[in-house]
Every structure is written in C-alpha cells, then in structure tokens.
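For reference, chains read A, B, C, D, E, F, G and H in written order, and residue numbers begin at 1 within each chain.
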Amino acid sequence: MAKELLKGNVAIAEASVRAGCRAYFGYPITPQTELLEYLSSRMIALGRVFLQAESEVAAINMVYGAACTGARVMTSSSSPGFSLMQEGLSYIAASDLPCVVVDVMRGGPGLGNILPSQGDYFQVTRSAGHGDYHPIVLAPATVQEAIDMTVLAFDLADHYRHLVILALDGLIGQMMEPAELPEWQADLPTPDWAVTGAANRAPNRITSMHLRADESEAYNQHIQRRLERIRAAEQRSIEMYTDDAELLVIGFGSAGRIAASAVEMAREDGLNVGLFRPQTLYPFPSERLAELAEQVGACLVVEMNAGQMLDDVRLAVNGRAPVEFFGRMGGAIPLPEEILDTIEMLCWSLHVVE
Amino acid sequence: MNNHNGNDRTEFVFSGFGGQGVMFVGQLLAYAAMDAGFNVTWIPSYGPEMRGGTAHCTTIVSRKPIGSPMSPRPHVAVVLNLPSFTRYEPLVREEGLLVVNSALVSLTSHRQDIQTLDIPATTIAENLGSVRAANMVLLGAALTAKPALPLAAAHSALEAHLPPQHRSLLALNHAALDAGAAVVLERL
Amino acid sequence: MALKGTVVIDQERCKGCQLCALACPQNVLILDPDLLNAKGYHPARLEESHNFCTGCAVCAVICPDACITVYRQPSPRRIERTEAIYG
Amino acid sequence: MIPAAELERVYERPESLTALHTNYCPGCTHGVAHRLLAEALDELDLREQTILVAPVGCAVFAYEYFNLDGCEAAHGRAPAMATGIKRLLPDRTVLTYQGDGDLASIGIAEIIHAAARGEAITTIFVNNAIYGMTGGQMAPTSLPNQRTTSSPSGRDVALTGQPLRVSEMLATLPGAAYVVRRSLHDPANIRKAKKAILTAIQVQQRGLGFSMVELLSTCPTNWGMTPADALTWVKDHMLSIYPLGDYKVSDAARELSA
Amino acid sequence: MIPAAELERVYERPESLTALHTNYCPGCTHGVAHRLLAEALDELDLREQTILVAPVGCAVFAYEYFNLDGCEAAHGRAPAMATGIKRLLPDRTVLTYQGDGDLASIGIAEIIHAAARGEAITTIFVNNAIYGMTGGQMAPTSLPNQRTTSSPSGRDVALTGQPLRVSEMLATLPGAAYVVRRSLHDPANIRKAKKAILTAIQVQQRGLGFSMVELLSTCPTNWGMTPADALTWVKDHMLSIYPLGDYKVSDAARELSA
Amino acid sequence: MAKELLKGNVAIAEASVRAGCRAYFGYPITPQTELLEYLSSRMIALGRVFLQAESEVAAINMVYGAACTGARVMTSSSSPGFSLMQEGLSYIAASDLPCVVVDVMRGGPGLGNILPSQGDYFQVTRSAGHGDYHPIVLAPATVQEAIDMTVLAFDLADHYRHLVILALDGLIGQMMEPAELPEWQADLPTPDWAVTGAANRAPNRITSMHLRADESEAYNQHIQRRLERIRAAEQRSIEMYTDDAELLVIGFGSAGRIAASAVEMAREDGLNVGLFRPQTLYPFPSERLAELAEQVGACLVVEMNAGQMLDDVRLAVNGRAPVEFFGRMGGAIPLPEEILDTIEMLCWSLHVVE
Amino acid sequence: MALKGTVVIDQERCKGCQLCALACPQNVLILDPDLLNAKGYHPARLEESHNFCTGCAVCAVICPDACITVYRQPSPRRIERTEAIYG
Amino acid sequence: MNNHNGNDRTEFVFSGFGGQGVMFVGQLLAYAAMDAGFNVTWIPSYGPEMRGGTAHCTTIVSRKPIGSPMSPRPHVAVVLNLPSFTRYEPLVREEGLLVVNSALVSLTSHRQDIQTLDIPATTIAENLGSVRAANMVLLGAALTAKPALPLAAAHSALEAHLPPQHRSLLALNHAALDAGAAVVLERL
C-alpha cells in the first residue's frame, strides 16, 4: 500500500478495522475522540459493531462481554476514563480474554488538561486494576508504529489470551504523518472457549472468580507463567548509536522520538550518546537494557511525567550505571534543546563522554 | 554548538480564527511535502483555548526523520488575525519568515532579524471570489519567499487532496496560491 | 405610551451573537459593523435612528453574556430591580 | 402408593439446570427464580442458544447452576456485559440475572441505559430488599424502617430516601418493551412469574426491545426468619411497597403476552 | 437619548457572577442559564451561603464564572460530590450545574440516587442534546436522526435507542420534590425558567427534597447553526421531544411555587 | 485506656471516630464490611455523617465533596471497589484535599475471592489513578498498629493536605487482638481553603483542572515537592535482629508478621536472620533499607502477591545485595514454616549465613 | 375425585426449608426427623399416613432447589409436562 | 530443626454449623487469655463456604508475640459437627487434642498420635437447659485436657464478656463449662 498522511488516532482506528476488530465500545474523551468518531461511521458501514457507551465503566464491560464471544474487540480512552476502566480491566485479565485497549494519555492528575502526557505509565504497566497481573503494553512513537502496533496488539492478545494496551499520548494521537496502512486480515475462527450458546458441546463458562485459595493461587500461577513467557518473547526496543554510546538516553513514545532529535544533535556536537527506545513497556526490554548498562557510563531517562519508567530502567540497570532523569509533567512537552542541555551537563558532570 | 536545524528542516506555523482554514492549509502543505518525498508532520494546536478561540497548527517539512514534531520557534509563521500576530511575531526564529494577513492585522513587525511579508490576503481572496481562500494566498506567498517546497507541489496537493465536497473551489484555490506568489514576486 | 429607557452594553464582553438585536421589540440594537473587540467580534450597540429603547430589558433577558445594563424612566408604580424584568 | 410405572412424570428438574447443589440458604427463593428461568428456556427450546450473565451477589455462581454458556459480570455491570454479547451475537438469547444491590444500586446506570437503548436482552431482577451475599446491608430497595446491618435501627428514609422502585422507573423508557413485577411468595404467584419470564424471553426473541421481570424474593438468612416466615413477610410487607403488575408492555409485547 | 441620571437601573449583571468573560461560544445559552442562576441567588440573598459544583463539560469553568464558593466534580459525579458537601453543611445551599452528557450519560446513577435519597440539593440540568465540550458527539438526549460526530448519518434509534427523558424518569422517585423542564429559546421561556430556578432553590432551603430544573439549551457550534437558528431549532425540534412542564411538584413544593 | 479485644476493621472504625472523622461514605464489600457496619450506627449516634453510597464511584466522590468542606472524612473498600475509586482518588489528590481511604485487600485479580491478599500494592503505591502522584500508604501488621495508623493517617492527611491510604488485608481486618483505642481528638478549626459559602471573604474554589501546560506543570512540581518532603520525613519501618543479620527478610502487613515468626524460628535454629517490616509503603523506607543492604549478604522479600513491593526493595537495594522472593498469591497465606524453609535454602545456597 | 400421584425427592439436594411441606394441600410432606443428609439437613419426605399425594405439583412449584419430581395418574386430557403444573 | 512451637503457644480451632456458637466460644477463649495476660489472636474462618455452611475460627494463645495468626495444624481442635470432624481430624498436630461433640458426630478418630475426647456435648447441654451451651461444654473439656489456661479464666471471661442480651444464660454457661470439665476429670 502507498503511504498516506494519517492522524494517529484515525490510523489506529483504521488499522484495527483491517486487523479484524469486530466491535468497538467507547466513550468520548479528548484527545482520543477522533478514534471513536472515525469508527462510528466506519464500523457501521462495514456491518460491524460500534456503540457509544454511557460511560467508560460501561464501555469496558461491554468489551468484556464482547470478548467473551471470541471476537476481536477494542475500546479507547484517555487518562481519567482509563482510571474508570480499572475494575473491568482486572476482570478481563482474570478471565483470560484477549482484547485491545487504547489509552491516549493526557495531562493529570485529576481533570488536568487535554495536553499530551505519559503520566499513566504506572497505571498501564503496573496494575491496571487490582490483583497480580500486567497487561502487555505497547508504546508507539510514530503514526506508522501506532498502526503496526495496533495489528500486533490484536495478534498478541489472541496469541496469549491476554489484555493488550496501546499506550500513546495526545501528540501521537493527533499528529498527522505519512504512514502505510496494513493489509486486511482474514477472519479468524471462533475460539473454542467462547460463549456462543452451548449447542453440541458442554457449556463454556467465563469467570474471574476463584473462591478457594488453592484454586485461586493455581490460577494466579497460570497467569504468572504466561507473563514469564511474555517477558521471554516479547521485549521490544529500538536503538540508535548504541554501538559506541557512553551515555544512553532512554525514552518511550513521544518522549523517545523527541529524545532522538536531541541525540542526533549531540552526535552532531561530537558526543558519544545513544538512544534506547522501549516499544514494549510491559514486558519492559530489561534484558537488552541490562546488557547496554554494562557498556555505557550513565543513563538518562526522558519522560513526559515525573519519572515512572525510571523505575523500570533502574530495575534493569540494577546499579550498574548511574541513572539520571529529565522530565516534563502535566502536559508540558520537552524540547530537544533542553534534553540536549541535560545531555551535555551529564557528559561533563559524570565524565562519561570524553 | 551547531545550528542543529540547518536547511534540512523547515517548521511552519499557521494561525488564525477557527473558520479561516488554518488547519487545512497546514495539512495541504504536509500533503505537498509528503508527495514530494519529504518527511513531514502536522500537529494541531495544543493550547488552553476552548471554544471560539484561535486555531493553529504546525507543519514540519524535513529531509531527515522528524523527532520532535513541535515548533516553539518556527522558521515560518503565517498569521491570519491579530491574536495570532501577537502570539507568533516574537517567536519566529532569527532569519525566519513572518507572513501576515494585513487585511485583518493592523500591526506590523519591527523585528529586524526576520523577513516580514504583509499581504492583504483576505482582500485578495475576496477579489478572487471568496475570503475563504485567504489561507491559500498566504501559503503561495510563504512558499515563494521560503521555497522549502516548489509551489507546484502545493498545486498538485490541492488537486490530489482537496476534499470532494470542496472541489468546486479548486480553481479558486489554485488562483489564490498563484496570487499570493505573485505578490511576493512583484515585491522582489 | 411606551416608557423611555436605554441600555449600556459591555462591548468587550459581547460576542456578537446578535440574540439581543433579534429579540429587541424596538429594533434598536445592531452589531456594530465598524468595531471589532479584542475577542474579534462585532459587538452590539444601541442604534436609535428609527425607534427608541423603552427599557423593556428583553435584550438583557436573552443576552447569554450578561453584557447589558438596562435603564428605564421611573414608572409610577415602583417595582423591584431585576424582578421587574421577569414580570 | 401407586407404582411409578403407571404414572406419568408431570414435573422434573429442568434440563437447563446443572446437577450442582446450589450454595443458596435453605428456602431462599433465588432457587425458585433459577428453576423458573430454566423451565422457560427448556420450554422455548433455547438452552443451546442462550448466554447467561451472572451477577455479583448470592447468585454469583448462577453460571455454574445453569446448563448454559455463561459468564460472570463485575458487580452491577451485567447489562453492559450482556450488551457486548448481544451486539456480537444478535440471534442468541442473552440474559442477565441480577440482585437488587447489583441492579438498583451500583448497576443502575447500566440497566437504565440498556433499557433506554432498547437492548434486546432479558433481565431477571431478584429483589429481596437487602444485600444477601455481603451479609445483609441496606439496599436502595430496603423497606422503610427495615433493620439491616448497615441500618441497624431501621432504614431512616429521611437520611436514605424511600425504596427505589426500579420497574416503575424503567417503565418510563421507550426502549423498555416489557417490564413487569411478580412475586415468588406462593405457588400462584410463582406460576405468574413463570409466565412473565416466558413472555420476557419471547419479547427478546422477537427483537421488541428490552425486557425485565422483577421478582420479589426472600432472604431468610439476612432477614432473620424461617423460609416460611420470609414468604409471609414478602406478602405482608413487600407487596404494598412493590405492587405487582405490568409496568410496561409495549403494543407488540402485548400481543405476545395475550 | 435620555441622560442616564434621570433613569432607574432596572437590570444589571448579577452580583453572583464574577467579572470573567466566559469561554462559551457566541450565543450559547449556557450563558443564559448562568445568568438566571446568579440572579436567583442574588434575589434570595444566598450568594454567601452557596456552594456550586461544576461539571465536566463546557461549563467546566462554572466555578470561576460564579462569585461563589465552588468546586469542580469528576465527569458525571457532581451529585455525589454535592451530597458529600450537603451532608456536612446541611444549612448551606448546594447546587450542581450539569450538561446532558454529564448528567444523563455517565452520571445517571449519581443523579438518580441523589434524587432517590431526596438529597436536598438543586440541579441545573442544561440539556443541549449533544456533547459540547468534546466536539459534538451524540448524547443519550440527542434527537432521532440528529447528526453528531459520533452518529454522522444521524442518530439511529434502532441501534442507540430513543432520547432519554431524564425529568420524566426522575419524577417517578419519591425523593424528588421538584422536577420541571423549561427552555431558554426565547425571552418568555427564559422568564419561566428563572421562576423555576427560584422555586427549586427554595425547595432546597425548606428541605423538601431533591430539586432539578432541566433547561433546553443550544449548542450553536456543534449543531452548526447561528445562535438565532439554534434557538429556533430548540423550538421546532426539541420541544416536541422534550415537552416543557412540571414533572414532579410535591405537595409541599406546590405551595412554594404557587 | 485499657486493652480490649478488637477486630481490625472495627478498631479502625472506632479509631477514626476518635480521630475526629466527621463523615464516612462507603459501599459494602467483603472483607471490609464490618468497618462500614460499625460506623452505620456509631456515626449516626454521634450526630455525624454516615451514608451508604450507591457504589464505590459515588462513595469516593461523596468523600471528595465532603473533604472540600474541610472536615475529616473517610471511606473504605476492598480491591475491586478500590479499582472503581481510581478516578476519584486522582481528582482528590489533584485538589490537595486531605482524606483517608482504607483498602482491605482481597484475592484477585477480577472478582477473585474474599481471602486476604496484598495484591493491590502497585495500585495503592504507584498510581491510584492517572497522573503523577503517590498517596501516602500505611500498612499495619497488628490491630494495635491499625488503630495507631488510622490516627496517624488523619494527621498526615491534614498536615500535608494529601491523600492517605491505609492498606491492609482481610486477615488484619477480620482478626481480633488485644489493643488500646486512642484518646478522643479535639475538634479542628475549619481550614481557610474549605468551601463553606463565600461570606466575608473571596470565594474559595477547589479544582483539579489546569488547562495550560505551564500552570499544570507548576502544579505538578508543587505535588512533587510535597512528595519529596513526605519522602524525607515519613519513612517508617520496624526491625528485628538487624544488628547482626546476614540475611534480611522483608515483608509488610500480614506477610511481615508471619515472616517475623519465621525469623524467630530461624534464630532458634541459630541462623543470623533479621526482619525489616516497612510500615509506610509510600514513602517506602528506602533509606534505612539501603543502609541495611550494605551490611547483609542477601534479602528475602515475602509478600502475599506475585512480588510487587519487591520492586521497591530492589530499587532501594540497587544491586548491593541479591534480592530473593517468596510469595503466595490470590488469597493464599504463607506459613512461617515455608518461609523458614526458604530462609534455610537461601542461607545454604547464598552462603550468607555461616 | 382427586387424581393419584406421587413425588420423588432428591434428599441429598434438599435443604429442609420446609416450604414444600407447608405448601402441600394434602399435607403429605414432612421433614424426616430421623435422617440428616450430608449437608446436615433433615430432608423432606412423603408421609402418606392420613392423606394421599394427588400429583398436583405444588411442592415442585415452590421448591427452591428443584429436588422434587412429580408423577401423576394420566388424566384423560393429555397435557405437556412442565407446562402442566403451571396451568 | 527445633520444634518451634514448644509450650509457649497453643492453637485452638473451633468448628461447627453456624448457630452452634463456635465463633463465640473462640472469642471467649481469647478474652480469657487476654485477661490472663497472654498474647492472643482470634480469626474467623477463611474458606470458600458461602451460605449456610460450616463456620470455624482459630484462637491462638501465646506467651510470646504472635506472628502468624493462622493454624494449619492446630494443637486443639474442637469439632461440633460431622463436616468439621472430617476436616480437622487429620489436621490436629501430633500430640494434640481433638474434642468431638459425639452427640452429633458418629465417627471416631483412629489416630494414635493424638488424644481424642468424644463428649456428647449437645446432650449434656440439653440436659443443662439448652443445646446452645454445647460449645461451653466442649471448651470446659478442652481446657481441662489441655490446660493452656486455667478453667477459672474462662469463667471470669464469661462473667466479663457475655453480651448483655445473653446474660440470662450466664448460669447455664458456667454450668456447661464445669460439666465439660467434669467429664474429662471423670475419665482420667
């Protein structure tokens, strides 16, 4: 397919359609609303399901029901709405249901504003509700990646029977960039666990309840084993100039692409700086980062929040190198120039780069 | 330290009232750049304005991949009304270009370090048939004074990307682009 | 005979929605074509060329931005201020 | 006693129930509601076409008790979950089974909007005027002065309002095709309840809109009564607050129930 | 022109509004609703006794526009927030100001339960049949076939149901003492709306229960109309779906409004 | 006061009453319901506010409103209900409002069960909704501590104008132990920021909205500075045998007290094992733990979850010592004996204890 | 004359709630005082000492645990199974 | 490895149908221990049972602070009905004590490594005036066979902690405690 000029939110919507998403349930909230609006006509035109729910609570529970039928389903929201989905997300995860949730993060906490932010990192990677599990979390930095990761999200969700979150910010959601849409994916057969009416088979039952401690623990171990497989197979990241980097700049999504500009500038200035951009936030690409940590003199984490992925970086680096942080919060967007300043300062103070 | 933005990358900001077509003109430039093989990003305004305020967008045209899509100090600012002038006039990067719709903006820039073009775009467009083509007049002027792309690329983008419901305005828009260019060429 | 009145319009607050002008029974309000306020709107103003303001306050009742102060010739029967206009 | 061989079997446990013993307390009419629903599905031959959404509440295990495909909703969200299912499987019968805490308190938004959309699902609403599962707290449906573990001196209507009459409220919505209230306190009423459930499901089958049967039910355990006294309490105290009747029967639905 | 000195000031901007210019679009009747509420508080001399709860919606800044103590609720939760305030400060006047997305969609549970409890708060419910702030999506109150950005070919009632009539629904609740619908589409109706707001607040002051005034309102921007056309649209299209009237006036409230 | 035999949930309820809690809004959920039930009569008898909300969403927003009046207010719930409060919690935090929320954690994810668990660690310490902030989180291990921490929670909430969460599990909530109730606290004056009607002063306004990036970022920096003060002043922990410990066992709440039994056993067996029990989960007592990490040969984290506080321990230890984990999940409760087994195994395999 | 019938009760499933016994118009159901089932309840059983079961199925209609199977002498007019008992 | 639970700590489990007073008897023991200066914990059952099932609770009496309040292998199990017998008989710790309400439990334990007391508590209590005092009969027996506390402590706890609405049953409960003790002493 040829490249088109596509807005992130719309690109995700169309990519989901082509990936075979059969149903979308959502509730308007800036800056994700174009996604919902696009699907409101697109899905109905295709004879698929679009329904504006009465709330995010209802939306995630409609997704929960729809996912029980074995169909590919999706919802999207932004930070406050995503908070309202926490209970439902935990239920979905605890029912081994594949589904895709898009969080176009905005400035918080509270009502905050509609500016781009990465303040939901903890909320998407750590808990997404109560109990022990992690969703798979994909973080695109370009419109093209948003498209590719949408398709990947559905595939991973089905493959692992797991919840997948596409976490981006309003910048990528509302930006237009040239990108190529994916091929149409063929229809998948209905999985054998789906509830569709117990004709010619024993009833299928989907539940997240495990009243007895032994059963509940066994189920939790099952989730943990799945997460282990996911951690082993799905860590993804992008690197730039890491071969000889002495200072490693680490950022995801928008912050990652802005940091890339700063790294380019630093290279032009002759500094041996590299970039590490996690594409999966869960599983966090700890293995590769741990390797790189052996080689570099220091790490600089850049985020559009107060330092959340910072924890994952420090856990991966585990004391092998100092880890510094530069962040903008509450909807403020870092400039390459200010990241560059920090890089230069670090290069001097840490003497990591000659 | 280097000038990190050499000639590889040109950042445009378009700003005006909602309804003056600033979003569309920014997107048109993006289409033109894409079709001409450049990297490009377009982002709408992020600002506290709620209803009925000023709209603006940023289009970045670059030979290299684009990291940050933001432009706090644009190379080219195209301002269609007074609040936009007030906001962007001081932000234009040194050696940059400020294109002003002088039909609606009474002020002029006193900055010496930038090039300013005062163009009565609304009046020109009105004479061509509709005030709504003022955005194209200004784009024509901007691309002529700062040829990040050939003007022809904008013409073909119009051809290719003007939404179906507006195709009746195609000729008007072509003419507006040329009229804007003509003003600049005349003044050279 | 109609009472005499007048209105004072906060033109910087006005958004030129024209609702007052369309509602005024005396047709004495227009959007000023020559004035643009800081918000970029043509604000309303009193234009008593053909007719006169009676202070009926219909304009104030409909103005969404509470831009209009209404004055009226004191009537024989004294009535309370804002209550007056809601009759 | 007459040898069984000479006799005709006139009643047996419905096929749409599994063999599991339920966790319900002795005499709790949740069991009656289950049985009626199962019988209705048997009679309409819908067992293999039906998906049941269980609530959080004493009926949390309903998906195990029915011999149907089923799932377990989050507290109060059964109508949203059912909506998700029904939109994907429009030709299946989709049911929610919900208690009054689940439906009238935490889940009121979801039931109202399902009804308002005219979602073609059927809700069995078991109103026992209390939270059973969590040990007898006040529900929005609790009666004035009813003692519960969260209104130990009796429900004070000045502080907590009058009992919420959900059927009356849902009846105001055009999307609701069939909304009726029945009671399970004696055999005659149980028979009527059964008929209403049959009609409600048929309303769904014909795509006439949202249907709900509210069933006045007992909670002997948390009311602190014998099962028989609990039935009497329904009759003596609940019926006056929750009058039985047809609160909404759309014209199309009327033909069915006639 | 007569010199102002000889004249009496018969109308001025109410004291309960601040001097801030609002962010509302030109001609949006949110502004009218604000003015009426402010006038009512002035007249009842309640400015210093009132706490306003602003919604999420175009009126999100209401707490800045009113010269009152105020706070900003989460989307749809203003009635819960107001309940928290009122229970702690029972002698204060507590108001919520909510749009139809806020109140009828995400916040329907909170408004119903506030009304059901007979919470002594007053709700100004601005129904413009659309989500204004987020750019014109369908609301539960959107009219059949109304084009919105999430129902671009017009609201399909088969898929999304008929418009939700909140006042009619809340009127079924005993806790609701005063629930009326008025419109802001012309001066005569605006006058009636003002009276209703006065009554609603007095109902709260007397502790008679929950009170709400639904106001049919415009959204010229997202309806894609001039302000004047928007008023006409209310008259021509909304009034028939949302009949004006008194949906619930408890006996005690009736004495007040008489 | 004399010791009484008190159930955790009831003890917290009565302690809150004595600490001057003016209003409670909540929704029943096992295993926290006794708290709500106790207050349903107690508060009304005292002429204070008790209201059973229609849902946890409503409950937290009632608390939000009540907190705006400057009164001491509280709610309580358990994991699924706590998930539903996430949006409200974020709004409360972003409005600088003091309030106390009790989470009596149960087995998850999803509906799970009503058994004791610590599976909400991430949810309470990391995000509690969207945006950049952390609540203060207190974790009692005994009924007495539950009482003391309830009082502390109200005091800290007022002192910092910050959200405080009391995080315990059903074991402590439903256990009876001898404990002493606190003195009655004197009534506090209404704070000057409260909304009470703008009489004789300019209006007070409480909001979590900051539309402009610069304002929003400034507000976020204000929160971050507060969190820094909290981190500096409020780290709390309990230690046992740390003087000469070569293996440090780390656990909070129930897991911590059970681990204490195991440590006692290990000492009886002559193993140089110590215990570190965090009492504040946020701020995590990293400073003291970092010190201890210099001294011990290894750490063993014990939790009733899949390893959540583990992250905080590893962040504090930062590679100074190996960190091992023993956990039970989904409502299963560890036995001292199995912890002891792990201790012994570690002592051998790591050679940390002679 | 009343029809003849009988019931078979699943005594392991029965919870001894006594609703069937109280509802039975013939008074032929009792809770067995001598039997405790595995759940710890005295289950219902048929006790036709004074009276006889007519197979009316009222007990089955009220039984919350669907423990009761009902048999009846075939009547002249044949009717469908479970439908029969709901008349 | 040591026996880590020496004589410092005694773990009791009480189990029976709801209504047999197992929660109360466990709490009474806890009060008695508290008043006698011991450390003590009481926890209700945690189990999958929902409605109408078996209730049980654990009371731990200890001279040292109590870490784990759980008792997977109690020193003393007091079982009031058959399901409780089935569940706890195998769990009683070696050398421990199993007290069985033989009026309702037809089985007997064949374990050699524990002491078993079959006591027709329901019958004894019925003779004393009410079956509801069976729990006290069994506690009297348990504390006599395993004197973790003096029986007198239970008597004073009854005096001090029987809820007001049940004080009419005080004498009955005292008598039941003693009757249970007497059965054990007789059999010594």
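In this text, contacts are C-beta pairs under 8 Å (C-beta built on N, C-alpha and C of every residue); 3 or more make two chains touch, one makes a residue touch a chain.
All of these numbers come straight from a predicted model, not from anything done at the bench.
Hopping across touching chains, the smallest step count from subunit A to subunit E is 1. Ranked by C-beta contact pairs, the top pair of chains is A-F. Centre-to-centre separation between subunit B and subunit G, using Cα means, comes to 87 Å.
Chain centres here are Cα means. That of subunit C falls 60 Å from that of subunit F. With centres taken as mean Cα positions, subunit G sits 83 Å from subunit C.
Our note on geometry: subunit D versus subunit E, Cα centroid distance of 36 Å, whole angstroms. Multi-chain contact residues, meaning those touching two or more other chains, occur in subunit C at positions 15, 39. In subunit D, the residues touching two or more other chains are 24-26, 28, 60, 72, 74, 105-106, 108-109, 113, 140, 159-160. Under the contact definition stated at the top, the residues of subunit A that touch 2 or more other chains are 51, 54-55, 57, 80, 87, 91, 95, 111, 113-115, 207-209, 211-213, 331, 333. Subunit A meets subunit D in the complex at residues 22-23, 25, 49, 51, 53-55, 57-59, 61-69, 71, 73, 87-88, 91, 95, 195-200, 203-209. Residues of subunit F touching subunit D in their complex: 27-30, 33, 36-37, 40-41, 44, 51-52, 54-56, 80, 111. Residues of subunit G that touch subunit H in their complex: 15, 40. Every residue of subunit B that touches subunit C in the complex is listed here, in rising order: 17, 52, 81-83.
Put simply, subunit A touches subunit F in their complex at residues 57, 79-80, 82-84, 86-87, 90-95, 105, 107-115, 117, 119-120, 122-123, 126-127, 129-133, 207-214, 216-217, 219-221, 223-224, 305-306, 308, 311, 314-315, 318-320, 328-333.
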